[in-house]
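Below are the C-alpha cells for one structure; questions will follow.
Chains: A, B, C and D, in written order; residue numbering restarts at 1 for each.
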Amino acid sequence: MTVRFGVLGAGRIGQVHAAAISSVPGAELVAVFDPVAEAAQSVREKYGADIRSIDEIAASDDIDAVAICTPTDTHADLIEQFSRAGKAVFCEKPVDLSVKRVQECLQTVAETKTTLMVGFNRRFDPDFRALKSAIDAGKIGDVEMVTITSRDPGAPPLSYIERSGGIFRDMTIHDFDLARWLLGEEVETVQAAGSVLVDKAIGEAGDFDSVNVILRTASGRQCTITNSRRATYGYDQRLEVHGSKGAASVENVFESRVTVAGKEGYQRPPLVNFFLERYMPAYRAEISAFVDSMENGTTPPATGQDGLMALVLADAAVKSVAEGRVVMVSEILG
Amino acid sequence: MTVRFGVLGAGRIGQVHAAAISSVPGAELVAVFDPVAEAAQSVREKYGADIRSIDEIAASDDIDAVAICTPTDTHADLIEQFSRAGKAVFCEKPVDLSVKRVQECLQTVAETKTTLMVGFNRRFDPDFRALKSAIDAGKIGDVEMVTITSRDPGAPPLSYIERSGGIFRDMTIHDFDLARWLLGEEVETVQAAGSVLVDKAIGEAGDFDSVNVILRTASGRQCTITNSRRATYGYDQRLEVHGSKGAASVENVFESRVTVAGKEGYQRPPLVNFFLERYMPAYRAEISAFVDSMENGTTPPATGQDGLMALVLADAAVKSVAEGRVVMVSEILG
Amino acid sequence: MTVRFGVLGAGRIGQVHAAAISSVPGAELVAVFDPVAEAAQSVREKYGADIRSIDEIAASDDIDAVAICTPTDTHADLIEQFSRAGKAVFCEKPVDLSVKRVQECLQTVAETKTTLMVGFNRRFDPDFRALKSAIDAGKIGDVEMVTITSRDPGAPPLSYIERSGGIFRDMTIHDFDLARWLLGEEVETVQAAGSVLVDKAIGEAGDFDSVNVILRTASGRQCTITNSRRATYGYDQRLEVHGSKGAASVENVFESRVTVAGKEGYQRPPLVNFFLERYMPAYRAEISAFVDSMENGTTPPATGQDGLMALVLADAAVKSVAEGRVVMVSEILG
Amino acid sequence: MTVRFGVLGAGRIGQVHAAAISSVPGAELVAVFDPVAEAAQSVREKYGADIRSIDEIAASDDIDAVAICTPTDTHADLIEQFSRAGKAVFCEKPVDLSVKRVQECLQTVAETKTTLMVGFNRRFDPDFRALKSAIDAGKIGDVEMVTITSRDPGAPPLSYIERSGGIFRDMTIHDFDLARWLLGEEVETVQAAGSVLVDKAIGEAGDFDSVNVILRTASGRQCTITNSRRATYGYDQRLEVHGSKGAASVENVFESRVTVAGKEGYQRPPLVNFFLERYMPAYRAEISAFVDSMENGTTPPATGQDGLMALVLADAAVKSVAEGRVVMVSEILG
C-alpha cells in the first residue's frame, strides 16, 4: 500500500514535509497547494507534484492524506474540512491557539473517525527515541525528574512573535509535549516564570524571551523546562531523565566531531544552528510513522489529544506567570 | 602571622576542619572541644591539639579563631559567645533554622565588630571557582539563567531528616547560596515544588525528597535548582550558567578517568559518592580563605549575611510549596 | 549540466553508489550492469536504470561516466576500456593489487586524457573534512604527527581475506591514503609490524589481523596507523593530528547521543557497527565531488596517482614486516 | 612499624619525595642530604629533617630506607653503597644510562638481599591504576594492542638534553615501563622512528624531539608509543588498551572541569601543564607502595629489573633508528 499525499502550504515547513514524503518508502507526493504560485511551482519541479486548489485536493480520489503546513489560524478549519472529506490528516503544531477551538476540532475528527496526527517532530528525533527506549526498557527505573533544556540560537522576527501566541504556546509547546511523553503520567499542576532578557521589544509585544517551568504529576513526578530565545553557541536541545535506578540524557548535536586543541584549550565546534538541520531526520521519521499508523490502522504516535494537552499546559503556564501561582491543569481544561 | 584555631565539635565535619586547619599554611590547630571524649582525643592524637572546654577556649589567649562544628541548634549561641570573646568565628552552615534568631545573632556580631564566616564550602570548589572566574571575566556576557543540579547518592537517616529543618533548609540551602553567588543579583521571588518519590517515610516526617525551585531577580535573571535525595550513579553536582554571550558549565567528578568499551558500549565509572571526598579540596580552600581574610582584614568570602539570605530563600521555598504560589523574599525578611 | 552514469557491478558497494548517484543533484543514473540478473534488476527497480552490458554502456551516447564496482581483478581492464571509450571513470579502490599493473593503467588513462577518480571514500567523511579544513586553516600550525586508529568490528570471511591481497592492501590502504592526505608531504619510509591475535585461520592464510605502521616523510613528519580486525565496541575510526601550534582530532560515531547512568557508571552506546552506515554521507559526498570535478574540469580529489601511492605504501609495509626493516618508498616505486 | 627515611638530593624531585614521605602514614622523614646547603636547609625547615652527609645517613641507626634523588650518574654507586649498608633503597629512574652498569648494580643488590624500588611514578597514577585494575579484572579480555601518547608541554633546556641519554632513555623510558606493565608479556622486538620537528638545536645535539615506537611481544601483542617534546595544549598523557573483549582508555587531566560555550564553540581548558602537578598523587602513592612492600616483605611494585628492562627497550629503540631495522631485545640484553 502507498499513502498518496497532498501538501497544503509550500513554505519552509511545507517544503520539509514534501521532501520527507518524497523520500519515505510507502509515501507518494501527489499534489501541492499554496496561494503563492512560485512556492507551489517549486514543489512541482522538485518532486513532480500536481498543483491543485484546497477544494480539488479534498475532492481528489488519488489523495489519501494531507499534510497541513499552512498558517496556524487555518489549521483547525482545514483539519475539519479534510476529516469530513475522509482524508487522513497530518497537521503541523499547533492545532489552534484556542483550547476551545482545538476541543471542537477534535470532536469533529472523532465523529468522522479519520486519522489525525499532530506534528510534534521532536518525538521522532533518533536520539530522543533512543532515550525513550532506554526508559521504556526499564534502564532507569521509575521516572522521577525530567529536565528539558531548549534554547533557540536567536529570536524570530517581532512580526512572528506577535502572531505566535507567546513563547509558551510557540516554543515551550514542544517541550510540554516532550515532558508528557517522558513523564509517563499526565501533568496536574504548572508553575512558570518569565523574563525579558534578550530583547526589550519582545517584552513590549507582551511576550517573554526567557522562561522556566515546573510541571508536576499527581504522583509527584516533576519536570523542569528552561527556554531562551538566545544561545550564541547554536541550537541547544537537551533532555535528561532521572529515575529510581539511574538517569538517561541526550547530548547536543555539534557541527562536527572535531576537537581542536591549542594554548587556549580544547575547542569543539558550535551546535548545529538551525532547527531544520537539527531535526531533519526527525521530520522524515515523523512522516514515516504517520504512514505506518495508516497502514497498520493504529493510533498515530502524536494525536490530536496530544496537541490539545500541550496547548493546555501552555495556557496554564501563561496563567501561572500572570497570577503568580501554581495553576491546575483542570482549571484550563474546564 | 599565624591564625591559631580552636575547633568546637569533633564529629565528621569537625574532623574535616581539623585536618584542613592542620594542613593550611598560616593556620595552626591549638585546641579542640567535644563532649564525647573519644572524639576530642582523636583530634588530639592526629593533630596534636589540646583538649579544652568551650569556656576555656573562649578565654584562651593563644586562640585567635574558632571553627564551630557542633549541632545546628548550638551555632547561634556559640557565635555570640565567641564574638563577644573577641574571636573570629568560622561557623558551619546554617547559623540557625530561624530567620529571626539569625538576624539577632548577626546583630551581635556586628556590634562586636568581629569576623564571621559561614561554611558554604561549595563556593570554594576549584571547578566552581573556575566557573565563577570565567563569568567574572566576561566570557559569557550578562548572566541570564543559572541551572543547578544537586542530587545526593542517598537519603540521610530519618532521625537526621527530622531535625534538619526540611530539605530546603538542609540540602537546597547550598544551592540557594550558589544561586546568589552566580546570579550576581539578589533574588526577589521564589517558587518551588516538592514531592516524595524516594522514601515514603520522608513524606510521613513532613519533608520532601525531590524538589525543584525557580528563583527570579528584580531584573529577571532566573535560576532553577533540581534536588533529589537519590542518585544511583553517585553524588551529582553540576552547575550551568547561560548568559548573553555564551554559557559555562561544570562537569561532575568521576571516580576515575577510565572508560571501558565493549559490546554494551562505552562505560565511565560512577561519580565520587561522598560529599567529603567530592568537596575535600573545597574544605581546605575554605579555611585558607578564612585565614586570608583575617590576615588581610577583608570581608570573608561567605558572610553571616550570606548565611541569612540562603535561609530566607529556603523559608520562601517552604512557603511557596505550602501555599502554591510565588513568594516574595521581602515577605520572609520582614 | 547533468552527469549521466552507468554503474558496473550491482553488489553491495554498487548499490551504495547507485543510491548516491540517484540522490546527488547533477547526477543521473542511466544504466546498470551486473552478471547476476537479480542484482541488476534490483537497481532497475529502485532507481529506474536500464540494464545494459558492459560493451553497450561503453558504446552508449547517453552515458558520460561510469562507476566501477566490480571485483578488484577487473578494475584495471575496465578503467582502460572506459577511458578509451571517452568516459569519465570513478573506480572503487584499489585500481589493482599490482603496482606495475596500476602504473600501466594510469599510463593509458593519461594518454586518453579522461578523468579517473579512485574511491577513497573516507576523504569525504564530513568530520574528516572538517578536520582537514581546520588543518588547512592553520589552526594547528605545521603538521608533525598523525595518528590513525582503524578497527573493524569483525574480520571478513576467510574466502575474502584470501583474495584481498592481505590486510595492508585491503584495510590499511584506506589509512595510507588518509595519512598522505593529512601529512601534506609524500611518505619516504615505511615500517610495520603484524600479528595474528584475532583468528589463527587468518594467519594460516598468510595474513595478519593486527598491525601497526609508522610512516615518515622527508622532513620528518610521522604517522602511526593502528589496525585490528576486531573491535567489540563497533567500527572504530579515529584521526588525530598533532602540529606545532596545537592538535586536532575526530571522535567516533556512536549509535546515539544517549548516556545512561546507574550503579555501574555512565554508559554510552557502542559505535555504529557497519562501514556503510558509518560512511554513507561520505559515499554521497564522494559522488558529488566526482560530478563537481567533471563540471568544473578540475582534477578529482582522489586521483589514480593517489590510488597508486596508497598501494605502494601497502607493498612497502608488507616488505617491512617480511624483512624486519625500514623500507624506502622508492624501493617499491622503482 | 614506621619506615624512617633519608632523602639524598633536595632538588625538585627530592622536595617532592620529602613532601610525600612526610604525608604518607607509616613513613617518617628523618634526614636529608644535599651538597647545596640551602636545598637541604629548605627540607629541614619544611619537614623537620636533620641535615646529614651521605656517609652519616648510611651509618645511621635511625634510618631504614633512602630515597635517591641525586643526579643520574650517581644513582648506581649510591644504590650499591646503601644496599651494602642494609638500607632499603627507593631510587629515581633511571638506575644508570648503561645497561651493563645497571646489571652490575642489580647484582650487588641481589647479593645484599635488600629492597630496591625504581621510581616509575606513572604506574601509581590513580587513573592508570584504575585502567590496570579493569584489565586485570578481565574487562577487556586478552590484551592485544596498547597505545601510549606522551607529549611534554615543551622541551627541557639543551644542557639537560645533552646529559639525558637521549629522548628514548629520558622520556620514552616512562612509556617503555608502562608498556611492559600493560602488555603483560615481555617485549621481544623494538622498532622506532625519530625526527627533529620542534627544535633544530635538539637535532644538532644528536637527539630527536618527536618519536614513534612499535613494541612486539612473542605472542604478537603490540604497543605503539608516540612522544613529542611539544604540546601547546598542556601535558598530554593518555593510555589506551585494546583487547579481545573490549578496550579501556584513560583521558587527560584538564586544568578544570569547566566548559565555556560561545560563538566559536565549546571550550575546555588546557591540560595541567607540569609533571609535578599532573603526577603529584602518583608520587605520594609510589612512596606509600614502597612503605607497604617493606612492611609486608613483598617485592616492590617497580623493581630494579623493571628499571633494567625499560632501559634495554630504550637502547633497542636507539639502535633501531640508527640501523633502520627491527631490533631484538636479546641483542641488547646480551
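The rule is simple: a contact is a pair of C-beta atoms (placed from the backbone, for glycine too) under 8 Å apart; a residue touches a chain by one contact, two chains touch by 3 or more.
Given the structure is predicted, the values throughout are model-derived calculations rather than measurements.
Q: Count the C-beta contact pairs for B-C and for B-D, then tell me which is higher.
A: B-D
Q: Give the label of the chain whose average Cα location is farthest from that of chain A.
A: For chain A, the chain whose C-alpha mean is farthest off is D.
Q: Between chain B and chain D, what is the gap in Å from one C-alpha centre to the other?
A: The mean C-alpha positions of chain B and chain D differ by 41 Å.
Q: Using mean C-alpha positions as chain centres, tell me how far chain B is from chain C in Å, no decimals.
A: 58
Q: Can you list the residues of chain A that touch 2 or more other chains?
A: Chain A, residues with two or more chain partners: 232-233, 245-247, 255, 261-263, 269.
Q: So in the complex, the part of chain B that touches chain D is made up of which residues?
A: The contact residues of chain B facing chain D are 126-127, 130-131, 134, 139-140, 245-253, 255-263, 269.
Q: In the complex, go through chain A and note every residue touching chain B.
A: So the residues of chain A in touch with chain B come to 142, 144-145, 147, 149, 151, 189, 191-193, 195-198, 210, 212, 214, 216, 219-222, 224, 226, 228, 230-233, 236, 242, 244-247, 324-326.
Q: Which bits of chain C are touching chain B when the two form their complex?
A: 232-233, 254-255, 261-270
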